[in-house]
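Just below sit the structures, each encoded as C-alpha cells.
One chain, chain A, appears in both complexes that follow, with chain B as partner in the first and chain C in the second.
Moving on, here comes the complex of A and B:
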C-alpha cells in the first residue's frame, strides 16, 4: 500500500508561533500519516523544536489548526496529546537522575500505581529495553544518575515506547542517537522501522543526514520557521538536503587535505589508559588532530579526564607538556554555567589574562567575547545575555570559544558535537584545522565516525584499552567498527 | 550479540562501583550513630541500658519528627528556616488550647498545616526563594507563640502524656517510636508510586511537569507533610516536657537541617533518605547533651561544644562521600 493512500494521522494547517518579535514558526502545514517515519531536518533555530513542542502540547500555537485523525482539536494540551498517543523524546534528557529506571517509567504512566507498581514498572521497561536494545546491560533498579549519558538516552527512548493505558500512535524522536554509538543507534533505527511497519508513526529529527536518508520514508526540510521542502526520502540525497536547508555546501573533507606533512612539532601528550595491558600508548604532537574512537563508554572520556588531571600534576604513565583545556560533551552538567552570561562563560578559562589588579576587567572580558563571537559566529544580539538564551549548537560554540580563547596548547574534546547542526559543525571543523595549523594539539573523542576524517590519526578504544592505532591513510569506517568490537589483533 | 558483552563490561563495573558507593553512603549515618554510642558506652557503660536509653533519647523523638519535616522540604529542593519556631508555636498551642479547648486547638493545628501547604503554593507560584519566605515565617510563628503563651507554662493534655509516657517491654519507647516513624515515612516516600513523583519533583522538575504532573501539587504536598510532621514534633515535645515555652523549639531549625544532611540527604536533587534522617536525628540527640555531660563539659560550654561536634560529624560525612566519588 502506498503511503499516499493512507489517511493523515496528524494534520497541521497554517501553524504560527511568535516569541516577541521572533517568528519561530511562520505558517507551517504538516501531515503525518499512519505507518510512516518522517525525517525532519533543518538548522538549529529553523523551528523544528518549536513545531514539536506544539505537536506534543507543550506550547500553544499562535494561530492555525491541529487535527488528529481528521478531527480538529480545540483545546490541545500535553495531557490531550498523551491521550491521543503522541509522545516525544526530548533532546535534553527528561529523566529524574535521583530515581531508578523503573521509577522514571512510573512518572510517565499514571496507571502504574497501587500494590506491586514497582514490579510492574520494572517489567514494563525491561521488556521494552530488551526489545529495542538487546544486550543493553541496564537493570530496572539502576539509579539513572549512575548511568552514562548514552545509557540514559537508551532508557529515555525505551520509556517513550512503553504502553499502559493510553494508546501509542506517534513518537517524536529529537536527536535520539546523539549520545549513542553506531551499534546502539543501529538497534534503535531498526526498531523504528519495525514500529512504523506495525502501522504507527514516527518523526525523526536528526542532524545526521545519513541517518535520516537511510531510515525516513519522507523528509521534511525546515528553514526560518517554514517548511521549504517535503518529499519522499528517495528524492533527496545528502547534497540536495544540505542545499535545501540553506547551509554551507556539503563539502566533505577531501581525504588528505588535513594530513599536513612535515610541520608536526614536538610531543605534547603521551598517555596510557589505566587498564592498558600491552605497551600501546597515545602520542600526540603539536599541530596534530588525534581522534579517539570506539563504542561509547569504552574508556575514551576516562583517558581525556586523566590527561586533564595529569596537566595539573605528575601522574604515572602520563606526560603532558603544555596547558590543556577541555570541551565538555555533556553541556548541561559539565559545560555551561547556567546562571552566567555568554561572555562570562567564555572568559572563565582565561581569567588570569583578564585581570586588572585584583578584579576582572569587564572591558577585556567583552573584548575576548566579541572576538570569539565574530570568529566562531555565535548567533546572539548581545554577548551579555544569559547563556541559556542560545540554542544548543550555539552554546556548544561558546564552550569551544572558552577553550580556544584560552592559553591552552592542548584541547581535549569529549564528543562535543552531540546534537549540533551541520552548519555549526562545518564552522567548527574549519576552526579546529586552522588552530592545529597554528600548532595546537587536539584530542577528539567522537561517537560520529564521519568526524574522524578530520583527524591525522585515530586510536580505537575497547574495554578501557587502546586496541588500534590507525593513521589517516589506513582509516576506514569498517576498520574502526571492527576494532571497536575487539575483533582485531 | 555475543560481541556486545565485552563492550558493555567496563560500564557495568562502573555501575557496580556506583552501587557500592550508594550502599556505603547509606551505611554512613548508621556508622556515625555507632561511633557516638561507642563513645558513650566507653565514658559511662551504665548508660547502655533500658533506663539509660529512655533518658538519653528522651528528646530524640521530637527532633526526629522535625528532621523528617525538614526532609520533605529538602526533597523538593527547598529549605525551611521556620521549623524551629513552628515547633515552638505548636508546643504553645498544645499546652494551652489543645488542653483547655481541644476542638479549637485541633482546628488551629490543622489550620497551621494548611498554612504550610499554602506557603508551598506561594513559593511555587511566585517563584520565591523558600529561605526568604520561611525566614519571614519564623518570626510570624515566634510572635504567635509569644502571644499565646507570654511566659513559660501551660499543661500538656493528659492523653498526650499517656502516649509519650508509654513504657514498652524490653525496648525503650524512643527506639520503638524511631523505628515506627522511619518505617512509615520510608514506605510513604520511597515505596509508594506518588512518593516517586514527589522525589522526582526535586530531581528534575521539568521532566515531572512534562509527564503531566502538577508541580504546584507536589510542592503543596511536600510542604503540607512538613507541616504535619512539624505539628507531631511540637506535640510530642510538649508530651515529654509537660509544659511549654515560646522559645522551646528554637534550636530545632539547625538540628533538623543537620539531621537530614547527616542522614545522607543532599540539599539539591531530591536525594533524601527517611531512615537516614531518623538515624541522623538520633545521633545528634545523643551527641547534643548526654555525650557532653559524660565528657564533663560544663553546661556553659555545651552549646559551643554541640556546634563543634556538628561540624566534625558533617565534615566527616563530606570527606567520606567525596573519597567515594
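Moving on, here comes the complex of A and C:
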C-alpha cells in the first residue's frame, strides 16, 4: 500500500490510563499516517473511547508519549489538539439543543465574530452539509433540539469538517453512522473516502464491521485496553475480526432463525400513522417481531410513540390491547435517570409490582436487578452503582432490562442498538427471539438493515407513511431501500 | 474515621454544621448565657419552616421551573379559616384543622389546574394564585386578628422534657416524607420526573397524576402550617405567612435538594431551618438593626447556596 511509505502524522507510544483499579488502557501504541482511514474496532469497554479522548486531549495519559508530525508533545491539551488539526465527533452528541445549527457551528469557530457572524456561520455549515449529505433538508436556522437524533448526528459530523482558522488534518469519527440510515451513512462514508484521498486522515470507530471493512485502509482491533491486532483492512474479514475482538463466536445472524417456532397469537396492535392516506396499517400479533424500516426520521419513531400513548388511553386509528414498554434509543434524552443506580433505573417500569403493602420492597428491587444483570450480562461489580458508571452499551442493556423485566406484553424499540457492540447485539437478538416465542410482541424500529432479518414482517416508512409491507420471505435489502425512497416495491 | 467520612459525604450534614457554627457564635457573644434556650426557641420556630419546606421540596424536586410561590398566601388564608371555624372553641379544634387541610389542598389543586389546563409556567401560576388567595383572605378575615381556642394554643406551645411537642411531630413528618420519597411509587415518580420528564413518561410514570399530587401535597402542608402558626402565635392574620416565601425555598436549597430537580434531601430541610432561625437569633443577640439583619440574612443565604451548589456542578 502507498500509505506504508508515508510518515506518521500521529504516533502514540506505550500510552496507559487507569481509572482507579480499572485499566482502561494498558500500554497502547498507535500510528496514524496522512492520507489513510484507520478503522478502530473492539467491544464496549475495550478502551476505544478512552484512547480517542487521549488523542484529542480530553484526557491526560497516565504514562506514554504523544508525538505529532514527528515532534513530541509535552503539554498536550484539547486546544493544542485543535491547533494541530485533530478533531473528534463523539458518540454522545455534543451539540447544544437550545441553539440553532448555525449557532452551534459558531461554538467551534471563534473567528466568526462581529456583525453578520450568524449568516457566515450558516453559510459555512450549509456548504459542508451540502457537500457531505446532498439533499439533507436541514436549515442552518433550525434549532438543534427540534431535529431528530439522526439529523443531529449529521450536523455534528458536518460541523467537525468545517474549517476557518485552525487546520484540519485528522478527524475521529466515533460511531458516526449509529443514528443514520443506510443511504445517509453511505453519503458520509463516500465523503470520508474523498477526504482521505485529499491527504487527510480519519479514524473510524464503528460496531458495524462491514462499514469498517469496506472503508478503512487499515484496521486496529482493541481488547481489554490493548491493541491486539493491526493490519491492512484486506487482511481481515468479518469472521476474523469478530474472532480477534473476542467474545461472540457466531458472527452472523442465521437467516430464517426468527421466532417461527413460537405460536403466533391474537392481534395485539393495530396502528395507522397519522399521515397515512391509503388503508395500509401496521398489525402486530402476539409472538411476532415486527420491523419498522425506511430512512431515519420518516415517521417510525412517531408511530411508536403514538402506540405508546394509545396504550394509556383511547386514540383514533389505534388499537393496543396489552401493556407496553419502550426501549429508548436516544438514551440520554429518553431513557436514563442520571441520578439513580443501575438497579433503580431497571426497576422504575416495575415499581408497582415491587410493592409489599404501601412500600417498595428493596429486596424485590434487588432481585429484579440481579436477575437481569445475569440474564443480559450487565458488566458492573455492583448494581447499586450509578447508571453513568456503565459504558454506553451496558446502559443500553439496562434499558432493555427495564422493558423486558416489566409486565409489558408489547415491547416498542426505538432504534435501540445505537453504539452497541456486536457481542451484546447477538445476545440481545437471542433474548428478543426467546421473549417473542414466549408470546411477547416486538415493534422494532432500526436503522440497520441487517437487524430486519430478525423480524417476521417489516413495514417500510416514507414521509410519515407506511409504503411497503414485506413478509420475512419477501424481505431483501434492495426492496427496503427502494421503498425507502417512496418508490413502489 | 470511615463513619465520619461517610457522614461528611452526605449533602445535608453541612446545613447542620452551619446551624451549629451559628449557634456557637451566638453563645460565644453571650458568654455562654442562654445557649440551651436558644436551641429550644429555634426548634419551636424551625417547625413551621420544616412543614412548608417539605412541601416545597417535593415541588422543586419535580424539576426545573416547578416551585410553589403561593405558600405564604395559602398559610395566611388557612390560618384564618382554621381560626374562624374553631371560633375560640376547644371542641371545634379537629374540625378547624380539617378545614385548614381542605383549604390548603384546594389551593394546591387549583395551582395545578392553572399549570396544567392553562399551561401557565408554575412560577407565574402560583404567584398569581397568591394574589387571588390573599384578596380572598383580606375580605374573609377583614384584617382582624382572630384568636385560637385556648386549648389549641396551649398545645402548640406544649413541651415534653423541655422539647416542643410540635418539633417532635415535625421530626416524624420528616421521617415520613423520607419514606414516601424513596419507598413509594409516588416518591419514585417525583424523583424520576425531576431527573428527566420525557424518560419518566416513556418509562410508564404517571406524570400528570404525580404532579397534581405534589402541588396538592404542598398546598395541604401549607394549610396545616397556617393553622399551627395561628395557634402558636395566638392569632391569625393576613401577613402571618409572609416570611415563608423565601424561607420555604431557602431551606430546600440550603438543605441540599437540587434546584435542577430529581434529587431531594429531607434531613437537610431540618438542618437548614435550624440554620436560618439560629442565624436570626445570632444577629439579634449581636444587636444589629433590622435593616442590617435583613441584608446579612440575604447575603448569607446567597453565600450558602453558592457554596452548596459548587460541588454539585462537578458531577
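Heads up, the rule we're going with is that the second predicted complex is superposed on the first by the 482 of 489 C-alpha atoms of A that agree within 3 Å, B and C clash if a C-alpha of one lies under 4 Å from a C-alpha of the other, contacts with A are read in each partner's own complex, and residues count from 1 in each chain.
Here is the rule we go by: a contact is a pair of C-beta atoms (placed from the backbone, for glycine too) under 8 Å apart; a residue touches a chain by one contact, two chains touch by 3 or more.
Quick caveat: nothing in here was measured; it's all calculated off a predicted structure.
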- So if we stack both complexes on chain A, do chain B and chain C clash, or do they fit? clash
- Task: Would you check which partner chain A:402 touches, where first means chain B only, second means chain C only, and both and neither mean what they say?
- Result: second
- Message: For A:321 in the superposed arrangement: first (chain B), second (chain C), both or neither?
- Response: neither
- Message: After the superposition on A, what does A:108 contact: first (chain B), second (chain C), both or neither?
- Response: first
- Query: Just chain B (first), just chain C (second), both, or neither: which does A:82 touch?
  - Reply: first
- Message: Output check: A:58 vs chain B and chain C. Expected answer is one of first, second, both, neither. What do you get?
- Response: first
- Once the shared chain is lined up, is A:462 touching chain B (first), chain C (second), both, or neither of them? first
- Message: Quick check on the superposed pair: does A:69 touch chain B, chain C, both, or neither? Answer first, second, both or neither.
- Response: neither
- Query: Once the shared chain is lined up, is A:360 touching chain B (first), chain C (second), both, or neither of them?
  - Reply: second
- Could you let me know whether more residues of chain A are touched by chain B or by chain C? B
- Note on the structure: The clashing stretch of chain C against chain B, among 26-34, 80-88, 116-124 or 170-178, is 116-124
- Item | On chain A, the residue positions that both chain B and chain C contact, one per complex | none
- Task: Give every residue of chain B touching chain A within the complex, in rising order.
- Result: 1, 3-12, 14-15, 18-19, 22, 191, 193-194, 196-197, 199-200, 202-204, 206-208, 210-213, 269-271
- Message: Considering only the defined contacts, which chain C positions touch chain A in the complex?
- Response: 179, 183-185, 188, 191-192, 195-196, 198-200, 202-205, 262-263
- Item | For the chain A and chain B complex, residues of the former touching the latter | 58, 78-79, 82, 90, 94-99, 103-104, 106-108, 110, 112-114, 117-118, 134-137, 142-143, 146-148, 151, 183, 275, 295, 297-299, 462-464, 484-487
- Quick one: in the complex, what on chain A touches chain C? 308, 325-326, 328, 333-340, 344, 348-349, 351-352, 355, 358-360, 362, 402, 406
